[in-house]
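When the chains are written out, they are named A, B, C and D in that same order, and each has its own residue count from 1.
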Amino acid sequence: MKRYLTGRIGQALLVLWGAYTVTYFILYLLPGDTLAIMLSASGMEADGLSPEDLAKARAYYGLDKGLFEQYFDLLWRALHGDLGQSLSLGRPVTALLAERLPQTLALAGSAIVLSLLAGVGLAYLTAYVQWRPLKTALARLPSLGFSVPVFWMGLLLIQVFAFASGWFPATGSQGLASLVLPAITLAIPSAAVYAQVLHRGFQGVWQEPYITTAFAKGLSRAQVQARHGLRNAALPLLTLVGLQVGNTVSGAVLVETIFSRNGVGRLAQEAVLRQDIPVVLAIVAVSATAFVVVNLIVDLLYPCLDPRITHTAKVN
Amino acid sequence: MTIHIPLTPNDTASAGVEARPAAGWKRRTRLQRAWQTLSPLLRRPGFSLALLIVLFALFAALAPHLLSHYDPYATSPADKLSAPGLEHWFGTDELGRDLYTRVVYGARLSVMAALLAVAIALCGGLGLGVLAGFAGGRVDAALMRLIDVLLALPGLLLALAIVTAIGFGTVPVAVAVGVGIIPGFARTTRAEVLRIKTLPYVEAARLGGASWARTLLRHVLPNAWGPVAVLATLDFGAAILATAGLSFLGFGAAPPAAEWGTLIANGRHFLITAPWVSLLPGLFVVAVVFSLNHLARSAEEHAR
Amino acid sequence: MSQSPLIEVRDLSISYAFAGQRTQAVSQLSFSLAHGETLAIVGESGSGKSTLANALLGLLPDNAHIDQGQLWVDGVDVAQADERTRRQLRGRTVALVPQDPMVSLNPTLRIGRQIAEALLLARGRRYPEVDREVLALLAQVGLDEPALRARQYPHELSGGMRQRVLIAIALAGEPRLIIADEPTSALDVTVQRRILDHLQQLVAERGISLLIITHDLGMACDRADRLLVMKQGKLIEHASPRQILWGAQHPYTRDLLNAAPAFVPRRRPGALPGQAPLLRLSNVGKRFALPGQHAHFTALHDLSLEVHAGQTLAIVGESGSGKSTALRIALGLERPSQGHVEFAGEVVSAFSWRQFRPLRRRIQLVQQNPFAALDPRFTVFDSIVEPLVSFGLLKGQALERKARELIARVQLPLHFLDRLPRELSGGQRQRVAIARALALEPEVLLLDEPVSALDVSVQAQVLALLDELQRELGMAYVLVSHDLAVVASMADQVLVLRRGQVVEQGPAAQVFGQPASAYTRALIEAIPGHSRSVLPVAV
Amino acid sequence: MPPLHRLFAIGSLALALTACSPADNSTTSKTLSVAFWGDNTTLVSVDPFQVYWLEHRVLLRNVAESLTDQDPDSGRIIPWLAKSWEISADALSYTFHLRQDVTFSNGERFDAHAVKTAFDSNKAFAAQLPATFGATYLAGYDHAEVIDDFTVRLVLSRPNAGFLQATSTTNLAILAPASYQLTAQQRSLGKIIGTGPFILEHYTPEVGARLVKRNDYAWPSANMRNQGPAHVDAIDISYIPEESVRNGLFLQGKADILWPRNPFSEVDLKLFQSKGATIQSRSLPGPALNLYPNTRNDRLLADRQVRLALQKAIDRTSYAHTVYNAAFPVVSGVYDVTTPYFKAQASKLAYDPKGAEQLLEAAGWHKGEDGYRHKNGQRLTLRYNLTPAESAGDVLVQDQLRKVGIDLKLNVLTRAEWVAGNASGSYDLTSTYMTRADPIILQTILDPRAANSATLATNTYEPHVLAKAQGLFDSGITAIADPQRAQAYGQLQDLLIDEASAFPLYERVWQAATAPRVKDFRWTAEGFALFSDIQVGQP
């Protein structure tokens, strides 16, 4: 177990480093001079300045180092928990993240919980219902769920639940109520995926002989589904929850834009546009860490859910 | 509870009872066999409708001028924001352009972008997956770590970075989206290759003297193709949504050409006053993507 | 026992709706079962016997429909009863010992809980003695260390142990009837026998009726008081074992009896002395390194054998005996850890794949599972000519001519060349696989459990075909099987393997006639119907 | 992760429903909420000296005050923190006599030392970061002399006719000396201490800001009607990038002032008016929304005939009426009408497609089969660089130009690429604007010696025109008397239109919709609002 864990953590760190490096070099291949952006942000353009002024400005923004020098510099400091300064915001990236991350975590966290509840609930219901037309309709619902563009769904929800009925606020980062609509928007595609996968899981599990065994004991349909069906059908779901972390971050970019939420997703989008490399790198590092950690947890959780899987070497 | 009892053909009539004259036998063509697979599916109304919608979108991508006589780019200030009606099926936008026409012409960009994205993902993913699955060992481990890295990078962030790196427009967006869905293809392909590699018929082919290349091309790839094709169909829909998302953030085609995502995005300013400008293109996208999902699912269920 | 029978089936018809068509699974079936009686229902796949078992439990799938008739179980008509009433019957009146113990236990629940669940249903939710009784049941079904077993998960037990757990579950509700649906067909023969003995003993002690559903007429004759023989949903024979063995009424029953490869060693002239063997394995052994440890697992130990043209060598063993490993080594799919393989006088065990390739034309394999042995996307034509195409031997017209010849050789109709594997039955697929193996006109044919996945009557046909081909083409066979009856009908030489060790080796008549080892004797005794091999049925 | 109970609460819809019932308490009635569009994401700063972002300047106008103010109607400079001032004959030294009753919100006294600190700190910052926006206002400033506690002399090293106006702007607002002890970064994030009627309580980038009333305020300029503390207690400012969301909030009554950057579309305008809202509009002083050509390096617009044709091919009336509404002013010059010394050029900017076509024909551009004009095999394609997204108006102009055979390529770029494009001259048309109530602002765009992008400024003119334009800029900035300035800037505006070096598209009207309960919304000269005057009552 210990050996497995070390190997797995090593692997996770490798993936993290890969993600960090890939992002850094993609960002460095971007056209446009970072200095020019910095200057234009403050209302000036680089060609309007003398070479000395340019050098001064370059030093002011810390851009007077080479490609690899900056990379190793950033990497070294990142390893020490210093994610550098935002080029355009002039603040430590850690402070920025500390400010923005809670918003996104609240959004993503509630979206994940919501999507699990909705996805599992829907699939469970679909499996339980026996009336054909309803069963078919419920089984098709997930397909519809991920056929709808996230941003479109968000705008629609705002129109209906914020403006037409006035139940929830349309924007803002404060309070539970302002979290409801964005979380639902973000949860819908994931919920659809969960529902679909779990539905298939149930379809498969219902054909398993052990379900017949359970029925033959005299258990009711509800009991069989709850005690023998759900856990076995839900096994593939765990891997999926891990993989959906990335999608949730992607979704957060759109959702935070629409709902004017001040989270990491929006920060990321803006940072990419203004080539604020430290910020983008930090966000990628954070979301990749989240992804890697969640998947690590998923892997470690698997033996609890499925006793057939063990992480210790075993004699067959 | 859905237990299907497999109905095995009868075993008794095996001993040459039905022997026909030798000249009577001719090999069936692939087309005939494809038709045989497809015809029971076509009898389902849902499948046919979905196929029709997808074909409409594909047709619109190829020959939009046959589907509308309006010019998608001609502004007509006098007609701005008129509601859907007989003259303008989807209404008009803020510059008086016919929205239905714009949706039809938008199909070219959106469908092409999605096709390109899926093609990129297919080539990259299939290549990586086959290589990893077939080579195994260290190559496999290294490739899988690479896939893990790609997976760990949030798709939209990666796409944003790529789009800003290579510029705006349909092709860059397609590339960005395509790169984003490579991992899924690679994983599925690899899993399928690994599964099929160990199947008895592959062993039988090898024992029958088939080379690895022949085994790969004739046995492994065609049999791995099923799940991969289903994934491709699903991802075709996902790619439409992803391109729409990027267009929504403003990375789409150069105006006045408009992808579906751009249409929805531009129309959103009129959600309160002229909802159709955003809702109808949105509904159209939903219909197309839903149809694609339906086709993929039906094909998958049918194959099982 | 003057009361009404426990089960009374009258005029029962059941059909399935599938792909828009209705298929009759059971038609106009009537029988009854008394308290304490053991009844066997015998039939091949598609005979409707499993449908009947499901109907008795009230567990017919959604697409099944009871067209007519009544199904009285302990005074309740299951055909008419609502789900609630049927549920009352299940577990407490009728219990099930399912077919495949490997997949019939919930993999994510502990053994103890799965038994306890059945107990609690029968005795009420607050039954205080649950834990003690779970252990008692586990002990009764013959499991050692019940306390440990109760804490384990199904995957930690062997197939036989799992079947015992399933019997414990069936017993937990103290039912009046146990339906055993092919209870042991997935297990090794020696295990089969012990478990069936145990089950019958437990049932007899408790006065429970037993309904055995099986494809194995021999086993049914050994175990049951009465037999029902079913074919395509119809009851065709209803008799005692004695009646059946001494003179079955229906020709189908007689066919079944004859088809079952009875344990009769074949007698044929042995290899000509002095003739060089085609294939020779000398002191071959195989070890596998275990992951994460420095230990080895020895799959095969010091195996030597010779195969001569026109002769059949059979390798017999239960699962894990190393018989498949031996086959893979002979084919060059695995390298032996020690010893060497000679083919036609050439040492081939160190050959690379490329070096071995020309030899593939002379040595071919027929695989175990005909359902996976054919590429689902290849037509029969594509499949059988593939080796010829791979070796670039024939093209165009010549290829089609060869295909016709091959398909005729395995006695399939010509138009089958166009079929896809899914349009074929198991026996037909195995014929196609044989045709493919024959395409290169090999000298040695390795047969890996060639009939184990097939129905008895089909088994007989395929074996007959193989026999005929050997006589016509003079091929040498290496037959790997767990089924001694199959081996006896085919083999000239027999080699018995157990856990990688050669237990016994020699001419078939000698090994079966005077088995030297206890293991071989146990294997022979475990053959269902062995007791009647003295009877004059299989002449 | 957020606390667990929170997550659970979200899951329960019922809980959330109760949590979000509108929280209408009495304090909201005295709080004014303002909804702007998105915050500046490139430069996050509310430091007055750096800020060019209009919305932030609105905020700052109510927090920090300047030495002088500007009459929004006449454009005249009037007293504010300075009671009076003298300008030396050489226009190089400005002596200000300060009010003596003014304090900063932290209690510090406003005096000559504070003014000197402010100007010197700004100068120091400009030296460190020459690119900063405020530097253009400070052009020529050399040093400050404290004559006595309430008299200060600002000395220039070279004439700057706009300097007096500059002292009235938010960019040269006087902050408390304590503010300048902080870093520019801290000031950027909201550590701003001024003398205004409101205190900046907090500023959260991209979310919003909150201003609270200062109760002891009593030193407004003559522009303000309310001479005492503000009527409202607080002002909540929020930045909402999504237009439909922003509009929805206003319609729901959750925002009192809806104040996006771009003018309202006709449908929105009608909707707001139907709900009783008042639309406040004012043209922003400074250049109109102009396109600037690239006339260098053999680009197509090097030909004056083509530029003049382009000027004629733009239908500005249709632009104003289609993109905005029928009552929207049609742009009539290089500057917006509120800019001092504005000179109308309406007749030269009339829509004349026939004239345009004639000019193009004469210049050798003939229509081809694709509907566009060609010359020597080259299509008349103009590349218009824009960022971050095209507007409906851009697309409309594109279609208007298509009608005369000009292919306008809308080249949407990120800000970075757009900047790089301007610097490298890889465009035919580009567009930018600045807001300041003095014509001098055009120098930051079109005078290569002072412009943000020297390339853009140079490329705008054909070589022989550049010198003429620079001469006019010089006369404008060195002129001391009004008539001289009027003459210089009048000639400059003529030159730009006659040479087609600027293509006005629309008047930059800034519109805000105010809810019925909002009274006395008034504009400053630069197009900001005086929140202190605003009263909120029952509608």
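The rule we apply is simple: contacts are C-beta pairs under 8 Å (C-beta built on N, C-alpha and C of every residue); 3 or more make two chains touch, one makes a residue touch a chain.
If you're wondering where the values come from, they're calculated on a predicted model, not measured in any experiment.
K.L.:
Count the touching C-beta pairs: is B-D or A-B ahead?
P.N.:
Answer to which pair has more contacts is A-B.
K.L.:
Between chain B and chain D, tell me the centre distance in angstrom, where each centre is the average of that chain's C-alpha atoms.
P.N.:
Inter-chain centre distance comes to 47 Å.
K.L.:
Let me have the rounded angstrom distance from the C-alpha centre of chain A over to the C-alpha centre of chain B, please.
P.N.:
Averaging C-alpha atoms per chain gives centres 24 Å apart.
K.L.:
Taking each chain's centre as the mean position of its Cα atoms, how many Å separate chain B from chain C?
P.N.:
43
K.L.:
Can you check how far apart chain C and chain D are, centre to centre, with Cα atoms defining each centre and the answer in Å?
P.N.:
Chain centroid spacing, chain C to chain D, equals 86 Å.
K.L.:
Quick one: which residues in chain B touch 2 or more of the other chains?
P.N.:
Within chain B, residues 1-3, 164, 167, 268, 271-272 contact more than one other chain.
K.L.:
Taking each residue of chain D in turn, which ones touch at least two of the other chains?
P.N.:
242, 244, 248, 251, 388, 414, 417
K.L.:
Do you know which chain C residues sit against two or more other chains?
P.N.:
Within chain C, the residues that touch at least two other chains are 62.
K.L.:
Identify every two-chain combination in which the chains touch.
P.N.:
So, checking each combination of chains, I get A-B, A-C, A-D, B-C, B-D as the touching pairs.
K.L.:
Please output the residues of chain A touching chain D within their complex, sorted ascending.
P.N.:
30-34, 36-37, 39-49, 53, 56-57, 60, 88-91, 102, 105-106, 109-110, 113-114, 117, 155, 158-159, 162-163, 166-173, 175-180, 183, 257-260, 262, 266, 270, 273-275
K.L.:
Under the stated contact criterion, what part of chain C meets chain A in this complex?
P.N.:
Interface residues on the chain C side: 57, 59, 62, 83, 87-92, 94-96, 98-100, 103-109, 117-118, 121-122, 153, 155, 166, 169-170, 172-173, 290-293, 295, 297.
K.L.:
Quick one: in the complex, what on chain D touches chain B?
P.N.:
Contact set of chain D toward chain B: 242-244, 247-248, 251, 265-268, 271, 318, 321-323, 388-390, 392, 394-396, 398-400, 402, 409-414, 417.
K.L.:
Chain C touches which residues of chain A in the complex?
P.N.:
3, 130, 208-210, 212-221, 227-228, 231-232, 235, 305-308, 313, 315-316
K.L.:
Give the list of chain B residues in touch with chain D in this complex.
P.N.:
Residue positions touching the partner: 73-75, 77, 80-81, 94-96, 164, 167-168, 250, 254-256, 266, 268-274.
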